[in-house]
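One structure is given below, encoded as structure tokens.
So that you can tell them apart, the chains are marked A, B and C in the order they are listed, and the count of residues begins at 1 in each.
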């Protein structure tokens, strides 16, 4: 099989497996997997910037939150129906990402990480400040009756699972297409050596700007979907922890691999789920995994796999 | 008509003048060497020409157009190519990917041809970082050539190359000359004398002399400032 | 007599915050300055100091001063040793790569925070101050009958708060002397200027790094022991000092000790003053945005010189 054939076969097989999983899994795991698919979409968005462009953001929760609150506030206070509210969420995330990109891309390295962290912190505090609308830490619940698109009730577990799967598949295939196209190659070139790339005639700023906006929009789509599918909008989703999570998933699964974010989110979700069964300090696992990854597997699961056996893995 | 022309080009770093008032003319098709002792400002000068370094004062005119305010990537797209003094390749990408980025297309046949042209026989799937230092220099040159530029700026391309590789390099430049204009910073005087049609000597940020190789060789000021020094070193 | 006295009180409260903040931020700045490493777990060493202070005070019992003095010695020491060990076992092995270091210190943050949750619990616990008598503050104002002295006018402060300010100031001076006069200070500055040259001169850079990392953590822990009789020890208390220290280090110019202390005073004081008069959340939003913009448009900090 040709390389392109193998690549498409692998990713379509993953989607097919997930379609089947929705039919055979018990309710508890189907619910988990629906959540994982939405979170993996978030990780896919994060990976586009961190894994492919080499920009480490510590503030992606603001994009996730922009999508979630864009949708949630429109539905709660604007009586907007679910689909247009989802679009509003996407637009909010895209606009925020564009503004953040224009400012943050003036910095590099450690300063970029801290600037994104600071912006996200301001966004988090803004959500708290407008507590009258956002209900702050407590958050608000979206009425079940409003959570439907084209008559399909998205609060029903199986519908919810397949809605999450559609979102994730779209994100996965878009990324796959993107990173194999010229645009994605240039992002990787910028990650590897920005000055060289500039001196080959590529407009690095434009590429990085688009990468931030795309990554932010995908993250926002995940945030909006999370609110819509699980019916809850809360400030904790814009906090620092939700900026660290996608970094953790992507690092674990393999930064700069299309499939890695899903693998990372899947493993981490069940690891934390398992750990929270016996201790309230389950984030200890997350910390230990982060340290272990930097020390022993900086490329992540799929990254190590690619290095050793599957050189063709995109 | 010159392909490249600078007027009054000046760069000061925190009050120190690295390049002062440089007027340079490079004619289409010529191989123009830029020589001078270490710290003369050669890399800063070509950096300003390529757009890597912002000029404090002065003008860069490329192909009849004032490009002084143009960002580097736009100058490159106008037909300028630049190879770094310190090797700047994509160490974690394959040779084919390195060339593809220079070509702007993933054509493997063209990549192979570009590698062959500089005498790199390694497999194009090998990682660039695994090449020897000399071969990384060759890859850097191959990337410059692959862009089919009208003006190719080479910053000390032969540094770290073996004798046989230098001979190969000289042959490549002679092949390119005529179609491609070449601005060459070079310390190896044998290479300069063999390739250059015209030479500009830079000393302490200023142009000391410009002319044919024979004129430069016999110029007393140049000998004092530069050639003399290099003789003493040898 | 309305605004003035309240401002004085706010300044005094601010000064306590500034004193603690300058010590904490100094630790972060020192690590960044010498090692070019951002320690995201810095706030957790602060938390560790506070929690250890509680353990020490509880274990010793007796007069509160005994536990307090013991904590002042023991907590920074333990925090420093743990930090040095983390440097030796983790950061050194990733060769201080900026990204890997940030990720690893995020990991350390969670490990420390969650270990505290397991071993110390989710409660906030107080530590008794060694002494704490109230002192009323005088206020002088030009009134109808000329200069008038109001004493007492209702509000005051405590001897312990004044002690915190004095103790922090003393430690800062001592630290400054240590940096500029001692042999180790010289070695540290040499390492900061040029790692390679320092290595060439036979400076054991690896050990200097471990010590500096430990010292940075010890400073944070010391600050926490000072503040814990006023606030309380809690496993999540590391977040705010981390963020504030970040802000201070950025405003002061990354890695500049003098800038850090100046910025700590400025921000510590204004944080106290602002939160007395305005909504703290709004103040925090504006402050955070402002700092991000400083980093974007003036990366050398407000007090730093523009690099060439």
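Definition applied: a residue touches a chain if its C-beta (ideal position, glycine included) is under 8 Å from a C-beta of that chain, and two chains touch if they have at least 3 such contacts.
Keep in mind that this is a model prediction, so the values were computed, not measured.
**Student:** Report the most central chain, judged by the distance from each chain's C-alpha mean to the global C-alpha mean.
**Tutor:** Centroid comparison flags A as closest.
**Student:** With contacts counted as C-beta pairs, which pair of chains has the highest total?
**Tutor:** The chain pair with the largest number of C-beta contacts is A-C.
**Student:** Which chain's C-alpha centroid is most distant from that of chain C?
**Tutor:** Result for max centroid distance from chain C is chain B.
**Student:** Any idea how many Å lie between the Cα centroids of chain A and chain C?
**Tutor:** Spacing between the chain centres: roughly 34 Å.
**Student:** Taking each chain's centre as the mean position of its Cα atoms, how many Å separate chain B from chain C?
**Tutor:** Result: the chain centres lie 52 Å from each other.
**Student:** How many Å are there between the centre of chain A and the centre of chain B, using C-alpha atoms for each centre?
**Tutor:** The answer is 44 Å.
**Student:** Enumerate the residues of chain B that touch no fewer than two other chains.
**Tutor:** In chain B, no residue touches at least two other chains, as defined above.
**Student:** Where does chain A touch two or more other chains at once, residue-wise?
**Tutor:** Not one residue in chain A touches at least two other chains.
**Student:** If a residue has to touch 2 or more other chains to count, which residues of chain C qualify?
**Tutor:** Residue numbers touching two or more other chains: none in chain C.
**Student:** Can you name the residues of chain B that touch chain A in the complex?
**Tutor:** Touch residues, chain B against chain A: 50, 52, 71-73, 76-77, 82, 84, 88-93, 97, 100-102, 104, 106, 143, 147.
**Student:** Within the complex, which stretch of chain A touches chain B?
**Tutor:** Contacts found on chain A: 182, 185-186, 188-189, 192-193, 195-204.
**Student:** Once bound in the complex, which stretches of chain C touch chain A?
**Tutor:** Residue list for chain C touching chain A: 38, 90, 93-94, 98-100, 102-104, 106-115, 117-118, 122, 239, 243, 246, 250, 279, 281-282, 284-285, 288-289, 291-293, 295-297, 299.
**Student:** Can you check the complex and tell me which residues of chain A touch chain C?
**Tutor:** Per the touch definition, chain A meets chain C at residues 56, 58, 103-104, 106-107, 109-111, 113-115, 117-119, 121-122, 125-126, 128-129, 240, 244, 247, 251, 279-284, 286-295, 298.
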